[in-house]
Amino acid sequence: MVKVVIAGCGTIGKRVAEAVKKQDDMELYGIADVSQTGGLRTVLSEDGPLHGTHLYASNQEGKENLEEQGFYVEGLLEDQLDEIDVVVDCTPPGVDEANKENLYEPNDVKAVFQGGASDDIAEVKFNADANYEEARGEDFVKVVSCNTTSLSRTMSVVDERFGVESATANLVRRGGDIPQDGRGPINSTIPVTEVPSHHGPDVQAVMPELDITTLAVKVPVTFGHVHMVTVDLEEDISEEEAVQAFEDQPRVRLINAGEGYDSTGKVHEMMRDLERPRSDMPEAGVWRETIDVEDGKLRWIHMVHQESIVVPDNVDAIRAMFDMEDKETSIEMTNEKMHIE
Amino acid sequence: MVKVVIAGCGTIGKRVAEAVKKQDDMELYGIADVSQTGGLRTVLSEDGPLHGTHLYASNQEGKENLEEQGFYVEGLLEDQLDEIDVVVDCTPPGVDEANKENLYEPNDVKAVFQGGASDDIAEVKFNADANYEEARGEDFVKVVSCNTTSLSRTMSVVDERFGVESATANLVRRGGDIPQDGRGPINSTIPVTEVPSHHGPDVQAVMPELDITTLAVKVPVTFGHVHMVTVDLEEDISEEEAVQAFEDQPRVRLINAGEGYDSTGKVHEMMRDLERPRSDMPEAGVWRETIDVEDGKLRWIHMVHQESIVVPDNVDAIRAMFDMEDKETSIEMTNEKMHIE
Amino acid sequence: MVKVVIAGCGTIGKRVAEAVKKQDDMELYGIADVSQTGGLRTVLSEDGPLHGTHLYASNQEGKENLEEQGFYVEGLLEDQLDEIDVVVDCTPPGVDEANKENLYEPNDVKAVFQGGASDDIAEVKFNADANYEEARGEDFVKVVSCNTTSLSRTMSVVDERFGVESATANLVRRGGDIPQDGRGPINSTIPVTEVPSHHGPDVQAVMPELDITTLAVKVPVTFGHVHMVTVDLEEDISEEEAVQAFEDQPRVRLINAGEGYDSTGKVHEMMRDLERPRSDMPEAGVWRETIDVEDGKLRWIHMVHQESIVVPDNVDAIRAMFDMEDKETSIEMTNEKMHIE
Amino acid sequence: MVKVVIAGCGTIGKRVAEAVKKQDDMELYGIADVSQTGGLRTVLSEDGPLHGTHLYASNQEGKENLEEQGFYVEGLLEDQLDEIDVVVDCTPPGVDEANKENLYEPNDVKAVFQGGASDDIAEVKFNADANYEEARGEDFVKVVSCNTTSLSRTMSVVDERFGVESATANLVRRGGDIPQDGRGPINSTIPVTEVPSHHGPDVQAVMPELDITTLAVKVPVTFGHVHMVTVDLEEDISEEEAVQAFEDQPRVRLINAGEGYDSTGKVHEMMRDLERPRSDMPEAGVWRETIDVEDGKLRWIHMVHQESIVVPDNVDAIRAMFDMEDKETSIEMTNEKMHIE
């Protein structure tokens, strides 16, 4: 069984650790970190979902920090590298690069990096729906960011079925996550003044042929980005075909605004009512009523749960890198264990 | 086994239904409602926590509504009243009173009402910690509101141990719940101009001897009220004694700001990381660092999860009304099944 | 001099009243309303900008209301209709239609209506930049809404200079105005599920040839909508030409994000620091850095101060309806008196 | 005439500069800063309220910065110290101390510091209502912070008239100002875990005899703190006497919630409708309906416009330090020029 360590137990790391733990074909060997956060303390606590997981320190100073803060530390990550197969590195940009150079490369340990990492950290950028095959056998893979993941999932099925001539996506980004209360804005809309924004090229990293342009703003919400999308199709289709395409995409969830789910807050409540862990929604959520086809143009609005959408793709990346399963099987396995319908 | 119906499956109703379902000594006979909400649809869906629960219509018009909206309705609530023992009525103010008069009283069905109901709907106002005994054998009981519940829980243990001469609590209330996106304010603080506010007398409904005065404002947050409390004690105590009192109160949770839980957002994240259903926190949360004793005055700041704090008290109210268990046992049973430590 | 009454002294009405008062070629005869709002009371108070303006009641019941609330009422609006030339009707939808039928038409009084009015209230929809000429001599004119006004101003100059083949605008709307604290959302993004949204056709009411499509969401801010715009041009142009076009449009303001004005909050502060009345910005504000030209596509992001942007167009509408000045002169006169550079 | 320089042209500095400029008995000699902010650029722009004011650089590096950013700099502040009498120092904490040591003390220039400065920067802490006399002839004075100013103004009149036995104030603070969109929280309430909070001792710096205790939280609003206050009086009074006391205090404004001003947003709109510069409210605003007297306890809720409330006290501090006028005259002069009724 592939032995996995998660380095950096923040927003993404803690979720990937739990997702890996739920899989039958991989083993959560441990997690590694350098200092206390509320998240680390909670997930390792007696009632936490990672209680009993081995905690390693990413370095000596981190070990001292953690011990001072009352954590029990098994040892240093660097001393475990002979035992493990892959690290999912969710550390801050810069740290991940140093880890690659100092830990993973010298010890022949594979690694999965996250959307915030520098672009050259791994040749292959990854989204399970868009380019699973390209990660096969790779040593280093970078899973693309949350916004990019949602665009890759929706665009890949639209492009495959109907052909995308060109696409425009306008992004309304959340200001900070639920616990990030030091981040604003409180009452302001902040344009990304770089036009087009970097999200278009980011999608092209996994779908190089796609002609896509993006603009973005940031707003005072904590749960969910929202994208307004317009696509010029190569062929004319019916609205039903568009709906069907999204329904067939296993990590896209169609949301019926008319049934009482007509805002990000109400979709958040849907996840709470489903008692999903952390009220997460790893699927991209497309509002069914917003899907519109007219004169060869397809439009829709979708939401992106910024904290959890990349989690299943991290799991799939591991399977691809170790050539464990084909794309459809891996996606199905991950979804089943994560209760993504 | 006591057979329970929940009437009105909104914020409180859906939670109480699930809490009742988890108990060993009562049976969730069904839920009753009159129309679609996102919550009702989700909890009854295939992946929902109430999937399979019988849905009744509260009246004929409601039956037609619900059926039109695609729900399967077992029948009318009024036709089940011979079969059931108690209704937890979570319907809007006014409806609850009509229900009492038309349904519960004529059919000898007991009922638990919620904090929003009119004061004369039940002689006994109820908080499990403050006055469990008073509900014994009663036919109608009103569980007090979320703010009142948190004050009753904290004040009851402080008063019992140290004696409260007088108390002042200043409330900072959330503007609306997560899915209530029609509610404001967006960027404003709204004083309750009725000074003192009604929350003081509300606490006195369960602790008649308590001298307590409250002021309140409303602010743009969706998860949690916060109270700033000052109590004149009858005797001088140490800070440790105060901390111990709260630690001994089974539905008060001490929160260590210094461990990374220094805001309502971060406590919300703690509940998410614990994978509590809906990220709920039915305990009153007292920040340990804010507990201060000086010259016979005890001060602290606590938070109140407005959606879930009254849920365990609803369960206890049923046990008291049917004389099933004593206070300590009921609280322990409810807490255990709800995973309140 | 044209004698003007403003009916309905709310967000738009109070601003138009003051703008009319500042003009040399029209007279603010009075304002009319039916009941107290904070705004009415303040602007008429001793230190208010409309102190001394005659207040009429829009109907008998309104007269009693207002008097009870301590206002001095000169009389009924209907008794003044012989004396006045035009009413700028800023009353709620429905009231405006009744006013037209019962007051303005029978008494040969012209009227200007607002963006919220029904579309058939006036044949001519109006934006000074886009179609000033069409309002000449008209009896009834509807000034388009705030979002539509900003799109008309920017699109009209772009279309005139470079030709617009097609345009897409994605709107990020504020949830409520500063004093509207009953409106949400607090922490949610709400998609307009009607796709395309009504704003496209609204622009076409003043620019019938324009091929424009819009999508929209609502977010928790109180000051300013933000639009992300993509235009397919008929000819290829340079970025400098695009910038120049906006600089030449007298009611478009170029904002330099790099100089410290990189959000709606900071632009709001700019208006405060300029000591503009109410911190209003009647210009559409285009962030200079966001203007991008590539392959015949022009993109930009602009902000719209929803409360004040339509005010100068209301003044111009009066001049057009009474054939007082040509377009350029009217715009210049209005701008000068309103201190729009 | 006293020659005044304002060092640090941020939130407080730009406002004090304009207030000084409006006075007849002092001269705004210039302002000093080190780098671009949106505020500096706007107030000095052609339409700005400080257009034409001399701009000095606080140091050589600042001069280069400012010039690079396109500002015209008259010279260095240090070269003007012979010419000027007093600096109102609104620079960040630390800078102010260095300025005192390196610039003001060696050159016999007096200085007024702000609430954020360290406590030992000046022996006399200052609030015009509470202790004007103590600043007479002083070289260095620190004007207390916004929260402290509002408490000093209200407490001083209550204490003088009725005697304060003890007081508790619970503060609900804004998260950041309108342009500070990097600051949160977006959706969280943050308790100040230091209990009691520092605001009590801060008030005691100007009213040493006052027994006052404070607790505080921070919330997601941008305009206005709100305080909930409870005072034990030495004598029993009527509600009318309390109202009268506040009415007689020239920098306390009574606000009638019932007239439509029932939130900070609506009071903000009142200031906008009065066309106050920047919609500022330098008065402490007490909601009339919240004033409550019962059993010798006086309670009320007031709001504090955090950006402007200390501005008039800065002006008065100068008059006191140069022994120009007595307290009542100075307050009256400042108020008149600032249009505070």
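Miscellaneous remarks
Note that the chains are named A, B, C and D in the order they appear, and that numbering of residues resets to 1 at the start of each chain.
The criterion applied here is as follows: a residue touches a chain if its C-beta (ideal position, glycine included) is under 8 Å from a C-beta of that chain, and two chains touch if they have at least 3 such contacts.
Everything quoted here is computed from the prediction, not taken from an experiment.
Under the touch definition stated at the top, subunit B and subunit D share these contacting partners: A, C. Looking at B-C alongside A-C, one finds more C-beta pairs in contact between the chains of A-C. Greatest Cα centroid separation from subunit D: this falls to A.
Centre-to-centre spacing of subunit C and subunit D amounts to 36 Å, using the average Cα coordinate of each chain.
Averaging Cα coordinates per chain places subunit B and subunit C 47 Å apart.
Note on chain placement: the centre of subunit A and the centre of subunit C lie 42 Å apart, centres being C-alpha means. In subunit C, the residues that touch at least two other chains are 178, 180-181, 185-188, 190, 220-223, 263, 265-266, 268. Against subunit D, in their complex, subunit C makes its touches with residues 14, 36-39, 41-43, 45, 47-49, 177-181, 186-187, 222-223, 259-261, 263, 265-266, 268-270, 272-275, 277-279, 339, 341. Only residues 168, 170, 172, 185, 187-191, 193-196, 213, 215-217, 219-224, 226, 228, 230, 257-258, 262-266, 268, 287, 289-292, 294, 297, 299-301, 303 of subunit B touch subunit D when the two sit together in their complex. Residue ranges on subunit B touching subunit C, taken from their complex, read 175-176, 178, 180-188, 190, 220-222.
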